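Each chain gets a letter, A, B and C, in the order it is written, and its residues are counted from 1.
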Amino acid sequence: MNNYIYRKIKNRLMISLSYLALIIALVPLVSIIIEVVSRGLPAINFSFLFEEIPPLGQAGGGIGPAIQGTVIVVGIASLIGVPIGVVSGIYLAEFRETKLALLARFLHDVSSNMPSIVIGIFCWALLVTAIGWSVIAGAVALAIMMIPVVTRTTEESMKLVPTTIREAAIALGIPQWKTTITVVLSSAKKGIATGILLAVARISGETAPLLLTILGSRFWFGGVTEPTAALPLTIFNFSQSPYAAIDWPRAWGASMILILMILGINVIVRYFTREKYG
Amino acid sequence: MRKRFPEFLSNLISKTRIISGKKTATLRIRLSGDYFFKVITAAVAFNVFIILGFMVYKIIEKSALSLQTYGLGFLLGTTWQPFPPDPSRSPVFGALPVIWGTLVTSAIALLLGVPISLGIGLALSEFAPKRFTYAVSFLVELLAAIPSVIYGLWGIFILIPFLQNSVYPFLQATLGFLPMFQGTIRGPSVLTGGIVLAIMIIPTVSAISRDVFAAVPNNQREAIVALGATRWERAKVVVSYGRSGVMGAIILGLGRAVGETMAITMVIGNQFNMFTSLFDPGYTMASIIANEFTEASSPPVYISALMEIGLVLLVFAIVINVLARLIIWRSLKIVRGAEMT
Amino acid sequence: MSYKIEIEGLNAWFGKKHVLKDISMKIQENVVTAVIGPSGCGKTTLIRCLNRMHETVLGARVSGKVLVDKEDIYGRNVDPVTIRRKIGMIFQKPNPFPMMSIYDNVAAGLKLNGMKDKRKLDEIVEKSLKMAELFDEVKDDLNKSGASLSGGQQQRLCIARALAVEPEVVLMDEPCSALDPTATAKIEMLIRMLSKDYTVIIVTHNMQQAARVSDFTAFLYLGELIEYGRTKDIFENPKSEMTEKYITGEFG
């Protein structure tokens, strides 16, 4: 009997600890959201969103260039990264047994966990030494981070398309490659779009690679070969400022904008993929 | 229909299919659309080789100066002096303190983060009622979506005051006999860095663990329950079955911890030293690059030294990831192979 | 006569679907009782109600009484965990633990109950493997993975595992349906031997197997108990027309 009671107690204890772990993990999430909203919201107003970034310690101004910079750099990165990622994903899904595919998949897994700062120094070495601190260097860095993720989600989405659809198209006389591009791709497009959106959300928040490529700036976008501002960088700079009263609320305000963007994308994506879980 | 091809396309002809018409003597030479499709998509998929290859090449190239100047001693050196007080002496660089910092913070992240992640994985796959699991899983994954710099911001202004005032004094009071809990308590410290990293790896490790556990075949659960197992005892069987996947998840979590930059830079204190107490400020490989790279315009060996640290980080990341893939792949074979009978 | 198991008014549901309708029967000790019937008649659900496995499925519900040694296993404060030690189960598809050795598989239940003494464990593992007619085949390497055996061997391993915790009742859910004829024959022989010490209840869709192996037979159809009696009587002199139709192969 002793043993039985011991087992019962242990059972209760371990299950409670598991739930406790769940609560522990959710505390930071709730805390971050509460703090970002309560400290960031007061800092946001019309001029905050549209005016130029002031020097540290100076009142007034806003984070307009940071928002613009993020949108531009992420936009260009997506223009580079999405086509490459999707086409690579198509190859891996359609020709998955070839040696190239096996090796490529392995390398994609390895590179999707590459530290973002390493990608940053690579793009510095490759581009900044050639054309200086620039939007292009930053966009390439973010694209490099984006490609493995988009490749993987594209591949997974295409693999989910039932073979019956392919077979039906081929039986109608449509060549293999056309089947892939038209029929299979359009069946998988929801999953692919999801993957792209999540990848975009992820790179929007990256700071480290931008630190070493676009450098950051206080001014509006001035050309792809010039440095520019970006939300994560601006948040970082304000947070390091000694002028607490003036700059720290700006950091929170900028964080709020960034979080709204990112969590917004995540929630929308999650909502639209809800059906899958039934 | 007959098409004529110039000489330099002759190699393409060898890839085309030649179909003979039944009643006519003409040959129909058709370019295979499939062939082109395969070649083009393969070429694009090849990008990962190019990018990784270039990355390794360029980083080694830029580290070359530092590699030549300091050799292997770089990894063991503990001095970081870009501008020696005596101008006649050359700069000295050594990476041991940042390697030490990366290792210690990652270890703390795993020690704290993995048990919590496993608990979450089990709670979501084994214990919690099904109607809650989707919503809760979503919340845990939201943690992964929060950018590193915001973790850092929260770390500076909310976590550090809390730890410094409520938690650390308690730790020192109870565990102060251990050298790692001695010394002046500082908010921005190695321990804080480790804690923030732990929080950041939880979404990854717990999501993978949850998926691994959910994939355990139900007949395994039934087998142990039929012998008279409690829910926890059943969970132990599930974890045992999925342990290779869990190992892989842990190693991936380690990879994230090692590469994490902004959050840890903002809370670790950024001091180059071989710290002995967890309450000391410290430095990691990623942080030193983030902090000093843009200012390191001269002397040239300064940037090269930072590059070399980047190289070490790159090697760490590759080794960790390859290890994770191999472990998952190999153990999946064993369990799947057994299921085949 | 005292019966090992007395089922009184047992009803079972999967959500809204009423799968067992008011089943009542008394099962004797140390005999083999077969439960037969066409697919979907509820025979698997019936035995899963006897070790309270039915309720582990989401949406499943049970009402009624099942008395084992005069005590209702569905009683107010009864913990299913204790029931399942007394009433063991063998599943349709062999399910040894692939990440454990043969030894550890058999010892799994014992370790749950806190047994740590290596000598005692060795003793019981060997005894159980012998009872399951598996010992001679595996004795040279008990450390091999539990899944490295053939299908028939795996099923015997599962039997050894179930016997190790010394149950009083052994439930078998179509134990041979995933096995080849030779393995099936071995297991059928085993079942007859087991009935000397255990009360065995076996679900089978194979009537010849039921006739070969069991002392009593219950025929279920669409969740209802149509007929129950000595196997000889059921097969040679069925009282119900439906029983006769099923036995002669007219349906199911």
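Here is the rule we go by: a residue touches a chain if its C-beta (ideal position, glycine included) is under 8 Å from a C-beta of that chain, and two chains touch if they have at least 3 such contacts.
Keep in mind that what you see is a predicted model, and the values were worked out from it rather than measured.
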Set B-C beside A-C; more C-beta pairs touch across B-C
Taking each chain's centre as the mean of its Cα atoms, which chain lies farthest from chain C?
A
Centre to centre, by mean C-alpha position, how many angstrom separate chain A and chain B?
15
Between chain B and chain C, tell me the centre distance in angstrom, where each centre is the average of that chain's C-alpha atoms.
49
Centre-to-centre distance between chain C and chain A (centres being mean Cα positions), rounded to whole Å
53
Two or more other chains are touched by the chain B residues 230, 233
Which residues belonging to chain C are in contact with no fewer than two other chains?
81-82, 112-113
Shared-contact residues (touching 2 or more other chains) in chain A:
7-8
Per the touch rule, the chain A residues reaching chain C in their complex are 3-4, 6-8
Could you please specify the touching residues of chain A with respect to chain B in the complex?
7-8, 10-11, 14-15, 17-22, 24-26, 28-29, 31-32, 35-36, 84, 87-88, 90-92, 94-95, 98, 100-101, 103-104, 106-111, 113-122, 124-126, 144, 147-148, 151, 175-178, 180-181, 201-202, 204-208, 211-212, 215, 232, 235-236, 239, 248, 251-252, 255, 258-259, 262-263, 266, 270, 277
In the complex of these two chains, what residues of chain B are touching chain A?
33-34, 36-38, 40-42, 44-49, 51-52, 54-55, 58-59, 61-62, 115-120, 122-124, 127-128, 134, 136, 138-140, 142-143, 145-154, 156-158, 199, 202-203, 206, 230-233, 235, 252, 255-256, 258-262, 266, 286, 289-290, 293-294, 306-307, 310, 313-314, 317-318, 320-322, 325
For the complex, give me every residue of chain C touching chain B.
51, 53, 56, 58, 81-85, 88-89, 91, 93, 95-100, 108-109, 112-113, 145, 147-151, 154, 158, 161-162, 165
Show me the residue ranges of chain B that touch chain C in the complex, using the header's touch definition.
130, 217, 219-220, 222-230, 233, 237, 240-241, 243, 334-335, 338-339, 341
